[in-house]
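Below are two complexes that have subunit A in common, paired first with subunit B and then with subunit C.
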Partner chain A sequence: MVKQHGWYPYEFQSGTTVAVAGDDYVVVASDTRLTENYSIQSRTHSNVYKMHNNSLLLSTGFLGDVLTLKKTLDGRIKTYEYTHNKPISTPALAQMISIMMYGRRFFPYYTSTVITGLNTDGKGCVYGFDPVGSMTEQLYACSGSAMPLILPILDANILGKNTSKPGQVKRTKEETVKMIKDIYMAACERSVELGDAVVVHTLTKEKGIETDVHPLRKD
Partner chain B sequence: MLSEFNSCQPCLDTINDKDAFNINNSSNIHTIIPLEADAERNIRTRTVTPIVTGSSVVAFTFNGGVILAADTLGSYGSLAKYRNISRIHQVNEKTVLAVGGDLSDADYIKEAVDSKVEQDTIQEDGGEMTPLALYTWSTRLMYHRRTKLNPLLTSAIVAGMENKEFFQGKNFIDLFTCRFLGRVNDKGSGYKEFLIITGIGNHLAQYRVVVITNDGVEFKAKEVQPDWSLAPLLHNTE
Partner chain C sequence: MSGIAFEQPAGGFVFDNCRRNDILLKNNVLPGKIHKTGTTIAAITYKDGVVIAADSRCTAGNIIFDDNVLKIHRLSDNIYALGAGTSADCDFQTRLLESQLELLKLNQDRQVRVATAVRKIQQHLFRYRGYIGAYLIIVGVDVTGSHIATVHPHGSIAFLPFVASGSGGYTSLSVIEDRYKENMTEDEAKQLVRDALYASTTTDLYSGSKINMFVLTKEKLDKFLPYEIVAARTEKQADYTLAKGTTEVISTNVKKIEFDIVNEKVKATGAHEAMELA
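Entry: the complex of A and B
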């Protein structure tokens, strides 16, 4: 006697995020389309969340879990600041996220999260997580609905993987931003869940977070 | 101490159907109820299908504020049972709550919100719940219930005028301050947008409404011509 699920506690919102770490900067980008099945709910919903310690959280998947994770993290970051009298560093925050997400191992936060920021040496760092908190420090990360379209391009452009010219290509902040915008423009032609606009944030020590909005196709 | 409507606790019925010896319920306060019995009881008493439902809610922001519309039908499956139900509820001078979906869960949410407004009123310090506060609280409530696998099967649409000080360059696209419109669904996913349509209207009406509001056009009631040609095709509207 097998019963079908009448109501399922998860749902999947669209959203694609990209993060690239540089020597003294981090560039993160997110599209701004929010869909529910094949309807568009919002054209101005960004998946990048600014945390109080000046790092950027990218989170896609189930929006309820994304919002809850962000809220819980906000509280814990503040507690850390009050207890230790200094803002939490991005590597420490990454460890905290990993432990928090594994705490819900048997009813996971259904999100692909990435935390980005500048570490204590001022170098850009990107940490990627799976839905149960498996953490890896990466040079670049891509998560969300259009990840299969974008990740191979990042592999080829940043590390020269699987191309005739292997080897890392060093880029400046401005070149990275341009590359990411081009990648989003290409990917949105082939994905229904990607479009409307791409928000690109650049995080540096001197200027903090600079934001740029680039419009994309609305169909 | 004033007893407050505690909306995060489940309202369990008083019949202990696991109790084979029919012991009087008052003895439960002296016994420890094992976890399995509680979970099993929840499986029997939670609702996962809506019973009496309300249909679409349409809401959008315009030059002067926010406008909401909802029909007054409560459907019992395909029977148009309750024909005069108001699904738009005024919370306080600045906030309005509209609900779509299961109407008993909608009443639960309204009761919980009214209880919060009451707590605010009796403080008598002029503090009022703003739309953003209600929206955030509703998101937490819906998410909490979905985590207990006992969802509130409604969408809550929160609309109103926010305090001016709050919108200091926060939202990068919406340049018009103060107007607030947000939606929370039954799983705790919430978003804010200038146009929100829930229910079947989302698939039918959206393009027509967006044409009017996309540029933040000034709302003039005399010039809007409603198109009723779709009305005979829709089952859940009055």
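Entry: the complex of A and C
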């Protein structure tokens, strides 16, 4: 008779993140609700982490692995800076994340990660990863518990997919911020794990990171 | 020629679909998700009667399926039920009980008592060994006074001065336990129940939207639908109205439907006379 083991190393703490790359900016957003099974553990926990090289790391899934990944990455970024005498660029950091995550192929970081920033030309860039480090450069990314609700809206609004006018719709960073807030408000209506507030960060070369916190439903 | 036009079902579960369901599962056709109410329901007695309240969210897994569900079911004029657990079970069982109580009331020519309703549903649920997932709170005011009873799927009941149930039941109960006292006034009772429901709609993921409240006494029934909207739909910052033609029309097919005039009827309405006078 096989004995069922009762201990499982992972937990899923929800959280949804969105990142959109622009010509000279990146807008990222995260909800601030941290859940555990049926209840709320925190209403003010953002899934966006500022890295030392001025990139923004978005990470959802198992909070233990999220924080460990961030801590390890911070160390590696500092090491890069000391050995190469310059801060690591976002595309290089993305490559580093990919290799680090595949290093734990057989006991993965249970996180959906996205790294965003401005590349060496000043353009916004967004790189998405799966839990074992498969990297894709994307125009926009959405990950987390409400991803199935939000991704189709981003597809239609940013790339005009599934409409009669396919093709990218260019937006200013203010318009993108408005759109992301509205998308979170809509997704809140249908997802139990989404709510409390959405934190929207805009990253530009001139102004650095600007933050905006928009309240959402608390129920 | 006589015969039984309608055969009464034998009662109990019908297993005719089991073979079909097995075949569907084998072919990877997923069964539909059972809708659970994932609820908060609460009821307390006060000086003149009972105050009952429920949230209005119905979830299927982690998705909010319906934001505006009424979880308060009428069993008779003086008896109401709150349902948590499987949506369909609560709806159907209370409807069944409602019709049984109506017949009983007509037969016995007296107002139905809460204890009767509770006993009937308890005995019914017990026969189904807990497979009917209805966690009910039965409340009412009858000749013997005001009563609240909680009923569990296996058929166990408890008559209590206050009770809360559902996924947010514990949260509500802690608020009520903190402030409940005997013989409260109606305003105190309504405020307590509202606070209890507010706590669980904001804490429990599977409860939310609106708080619906009923106040039931010997003389009256006050319905507050809703008593409070915990979280309203938020206003959008931009306009997302899709332009006409966003969904591509791939082909158009116009078909003339042939019809014959079978019957023609002309009916005079009052309007004719009025027109003639003018």
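Structural remarks
The working rule: the second predicted complex is superposed on the first by the 219 of 219 C-alpha atoms of A that agree within 3 Å, B and C clash if a C-alpha of one lies under 4 Å from a C-alpha of the other, contacts with A are read in each partner's own complex, and residues count from 1 in each chain.
One rule holds in what follows: a contact is a pair of C-beta atoms (placed from the backbone, for glycine too) under 8 Å apart; a residue touches a chain by one contact, two chains touch by 3 or more.
Nothing here was measured: the structure is a model prediction, and the numbers come from that model.
Once the two complexes are laid over each other on the shared chain, residue contacts for A:Ser59 go to neither subunit B nor subunit C. Look at A:Leu67: by the touch rule set out above, it reaches subunit B but stays clear of subunit C.
In the superposed pair of complexes, A:Ser143 makes contact with neither subunit B nor subunit C. In the superposition on chain A, contact of A:Ser39 is made with both subunit B and subunit C. Common to the subunit B and subunit C interfaces on subunit A are residues 39.
Residues of subunit A touching subunit B in their complex: 6-7, 9-11, 13, 32, 34, 39, 41-46, 62-64, 67-68, 71, 107, 197, 199, 211, 213. Put simply, subunit B touches subunit A in their complex at residues 48-49, 139-140, 142-143, 146-147, 149, 151, 153, 171-174, 183, 187-193, 196, 202-203, 206.
Of all the residues in subunit C, the ones that touch subunit A in their complex are 38, 57, 59, 62-64, 67, 167, 201-209, 230-231, 233-234, 236-238, 240, 242, 245-248.
Contact residues of subunit A toward subunit C in the complex are 35, 38-40, 145, 157, 163-165, 175, 178-179, 181-182, 185-186, 188-193, 216-219.
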